[in-house]
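Below are two complexes that have chain A in common, paired first with chain B and then with chain C.
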Partner chain A sequence: MFSGDPTLLPLAVDWSSLTDSLFLVNVGILAGIYALLALGLQLNAGFTGISNFGQAGFMAIGGYTMAILTVDTGLSFYVSLPLSMLAAIAFGLLVGLPSLRLREDYFAIATLASAEVVRIVAQNAQGLTNGNQGFFCNDDFSRCFDDKWNSISATIIGWLQDLGWSDPEALFPLLLVVMLAVLLVTIALRLTQNTPWGRVLRAVREDQDAARALGKNAFAYKLQSLAISAAIAAIAGWFLALDLATVHPTDFEPLVTFFAYSVLVLGGLANYWGVIAGSAVLWALLEGTRVLKLFPDDADTAALRFAIVGLTLILLMAFRPQGMFGKKEEMVLGD
Partner chain B sequence: MTEAAAPAPAAPSDAVREPIFHAEGVVKRFGGIRAVNGATMQVGKGSITALIGPNGAGKTTFFNLITGFYRADAGTVTFDGRSIAGKQPYTIARLGMVRTFQITKALSAMPVIDNMTLAAPDQPGEKLRNLIIRPAASRSREREVHEQAMELLDVFNLTKLADAYAGTLSGGQRKLLELARALMTKPRFLLLDEPMAGINPTLGRRLLDHMQRLRTEDGVTFLFVEHDMDVVMNHSDRVIVMAEGRVIADGEPDEVRADQAVIDAYLGGEQPEPSS
Partner chain C sequence: MEAGTIAVGENASGLRRLRDAVSDHPARTALILLGLLVIVMIAAKGLHQVAETGLSGLSTGSIYALGAVGLTLVYGILKLVNFAHGDFVTLGAYVAYLGNVTWGLPLYVSLILAVIAVAALGVLSERLMWAPMRAKRAGLLQLVLMSIGLAFLIRSLIQFEWGTEVLSLDVNKTATVEFLGLSIGRTQLVTIIIGIIVISAIGLMLRLTLLGKRMRALSDDLDLAETAGINTERIILYTWLFAGGLAGLAGVLAGTILPLQPELGFTLLLAIFAAVLLGGIGDAFGALVGGMVLGLATEWSTLFIDSRWKLAVGFVVLILVLIVRPQGIFGKAKVV
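This part shows the complex of A and B:
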């Protein structure tokens, strides 16, 4: 499929896997999940000026609560979804109430620590979370949190087949739902952006003392921003759980939050649509570079993939610090 | 100077009729330093009162204390008959006691017009749930507010800059924007920290005229910190002098100018001539 002179390609590359539909579905789902995480961060960092580094923790609360409620209490899947969002919001308020009074950098540390608390509790509270085993269907299928989803997914595949697509990927329905969720959340956030509410958020981002001097309760707005972001992260948590068919502590390491911030940097601050583009680019780079076969040892190549992503971010900072869709004025004038 | 040796304030309480603001014995310590050391003052309703004093006298700290940005270690503060000590800055602002800052706090990455409309009170759309259940109320209030904002920008010669980012304004323009923005809140008591600093004389005159008009037409009370003695002596009804964290004089401009303690502490022994 690549028709150029092969001697121009210094690397041994297998391009065919890039057009493989399984590959595209997987990248699409991951990009969608990280877009959701980063949409919350965009609300926090881009529009409220608070550096929430606890996104992985809120995501974990979403995934675990959904799994625990469905499996252990036998609640309906549909009921467990909103409840898990409420749990993430409650945790967001718990974290935000004491820590949002801190200076920006200390708030970042506090949220990062809170996410680690969630992960480590998940690792050790065996009875509740199954510890390092995680949630997954056991041998007698008595602990499956995704039964309901699997039947929904089968229905969607049935529809697709009725439409004449003979062999859709098993995860294609998840991709559809994730994309829909990303679209809805983006539109909802975008709608708030130019409202008086969104204007107060931006004022808090610019200078919270100025906002307070004009009669705005800056703290309450920061708290709302964090709670909404936590709720969106919980949605990302469900999708990750459904994608992997497990809920496991290692899925919620701080690296997840850092990747979500990379999405934000790539897409540009203070632009919700940029988040989607940023996530697509990040995951296309991360997963697309899997086709590189530079070294006989795959582990070496894997390390190089991250180097390529890092280099991309450095080049972006050097030549387009506002990201793909960010406004340079807002960035330069920000301080 | 020890507390016992401090001179008594020049009988301020009976000189102000109908005070809108009253601070009594306000103290703020930073470590061992008493930045404000028992400041007591009253501001008459509808007056233009100047607050002067040497650098480090505690004027800005006093502003921060009475507007809720700092918590006082002692003292009482009342505005319009109710105690505001320990209240949050946004609560105090909503009561109608609004301040500006010595170092301007323009919301740089927001357009000038958004700086203005932000400040308007009673916008239902600032609550998330109202955006869903009463979107029309938010929109109609927004139209009103936009109109008021454009009128005020016109007063301060900022109309052309309405859509510019506030961060691109000059220092003087930011000062004007901050004042215009404070006026958007419909304040009853406006506290201005060095409003004239960095503004050209023509605009400064306009600003002073506007203050006079607001006082006569809307009954707005002003308390402003200023170092320009011409402005202080010619445009205020009362002058309060602070030094070393306390009020050392309080009276009409001419009385204060003749006060020996003020001359020693601030005016530097030489009596300033009234400007022509």
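This part shows the complex of A and C:
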């Protein structure tokens, strides 16, 4: 199929024939970002049994730190990426150290509150984050956080054109990178599942006291789980920043975390590959209704999104809490 | 924790005695701390300013407290962390808008309408969702996610019906009342009065009436209460009636002070959670005190820091309470 004239690549034909390829690329990127967020939640809620509701905050730390380091300190884009990940991990530890000792419900509320604190700081610490204007460039616009990415993106587009695709979408390279990241993170997490470390995590999830009786430091394992999840959320934060070309406080509302949980339970708990399927299905549902143009009004479209996610959550929890691909024998939701 | 207790030697016994005193009399300690804080603030900013911001703190606090009482009852009895509670509050405000602006009814009639509507929603959600889920022995995360789903459904309903633009109840928000040289918004004053009366009544009801005793029995141990012959399903329905009605009331009162928008209740939700945890889960008087303390802390913070940071105060208090005293001011140290 792929042999012969490169201009006849089916992929290229397919994409260029779709009139709304921009739309598809956008949805694909968002689905990828939410898959990343939900992968972290899968590690926490699905495999460690901790209900982390602070994912939006870790994501914000990732996006903002990357942008601020690149623009304000002039650090290389490549250096700011791992540093922003470290910042998210540090914040995860800061939040987790006191709150992971609490009961599950308290932990959920504490993480949610910590994410809101991050958002309010982003909104009000104008000197650092440019407040409600959002963060993109320095004062004289000579340096923007996505300069480096834009040149990488241009290079990838050049390669695609060399392959014979005349007019790829500007955001297509980002989609490729996001997909690659989702794939790598999924594989990495899946590999940890069968390591001794992954087995202890599940032991902690099943029975914390039993794990402790076996000499495992349950608290340390939970903390590691939270920190890794925060690091993955930071990656999602970079991609959201690059996708929107700005870092803005309203992109990190608690809704983001709730949507990520919808992705998680749709795909099913205790299954990493299910997260990808969950994200694809949820975004197809959300954006599919927009394509149908049921409602001309924007407010109604937004309302419809809430209705879809709300119904998804309620019906799943009531009738199929293990989601599409969750393992019933690893059900962590019920008692 | 145990290691810490052992490490405290003889020479640190003064500190230890202080700590024991603090944990034996948490309410007294909180009161002393609050009193000291007020004195420091009066010294720094003058009595007039402290009193005036304090009054508006009490009105914010009343709204928090009304929301918190319903949340704390449901949380205590059903062990349900109801994330939809904020949207219950929002719905109350919008139903009042429907009566007050769309139908042109007087505000107090609209208020009763809103209280009834949200109470009915509470009972409906119990019948359709929470009772079946309890029968299935659903876990905490399952119920939390379901309540988030319910929150989204209510919000979508509000957005379909009323859109996302900012609305306002037909009430004069700028009218002020003067007394003792202090000025306070008329609606704020009414909010304080209604809030304190209603929550005190609920608190007394919980302490003194049979229904209240049964509710507290359920809160202690649902299965045991059932074994003791209490009709738990009925008590739970009453609980939802109160929780919904009070959330509706909180929404209407919030609507007389703040602009109406679909996020109204959700922005209050974390502060309401903070009030619940501060007062101790399941404790109605605790929720009153927690709500008031939080309202005061929020408004007094504006004397020292920019009011843009006001919202963050609630969250910081919430996190501090969870770290320092997760069982709340009045709660007993159980498994937290």
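Assume the second predicted complex is superposed on the first by the 288 of 335 C-alpha atoms of A that agree within 3 Å, B and C clash if a C-alpha of one lies under 4 Å from a C-alpha of the other, contacts with A are read in each partner's own complex, and residues count from 1 in each chain.
Note that a contact is a pair of C-beta atoms (placed from the backbone, for glycine too) under 8 Å apart; a residue touches a chain by one contact, two chains touch by 3 or more.
Predicted, not measured: the structure shown is a model, and the values here were computed from it.
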Touching partner for A:197 - first (chain B), second (chain C), both, neither: first
Touching partner for A:178 - first (chain B), second (chain C), both, neither: neither
A:310 touches, of chain B and chain C: first, second, both or neither? second
Touching partner for A:241 - first (chain B), second (chain C), both, neither: neither
Touching partner for A:116 - first (chain B), second (chain C), both, neither: second
Comparing the two partners chain B and chain C, which touches a greater set of residues in chain A: C
Touched partner set for A:212, first chain B, second chain C, both or neither: first
Chain B versus chain C as contact partner of A:30, first or second or both or neither: neither
Chain B and chain C footprints on chain A, overlapping residues: 332-335
Interface residues, chain B side, partner chain A - complex: 67, 69, 88-90, 93-94, 98-101, 105-110, 114, 117-119, 121, 123-128, 131, 138, 141-142, 165-168, 181-182, 184-185
In the complex, chain A residues that touch chain C: 45, 51, 98-99, 102-106, 108-110, 112-114, 116-117, 120-121, 123-124, 254, 258, 261-262, 265, 299-300, 302-307, 309-314, 317-318, 321, 332-335
Interface residues, chain C side, partner chain A - complex: 79, 81, 129, 132-133, 136-146, 148-153, 155-160, 163-165, 266, 270, 273-274, 277, 306, 308-309, 311-312, 315-316, 318-319, 322-323, 326, 335-336
Footprint of chain B on chain A - complex, ascending: 192, 195-197, 199-200, 202-203, 205-207, 209-218, 224, 329-335
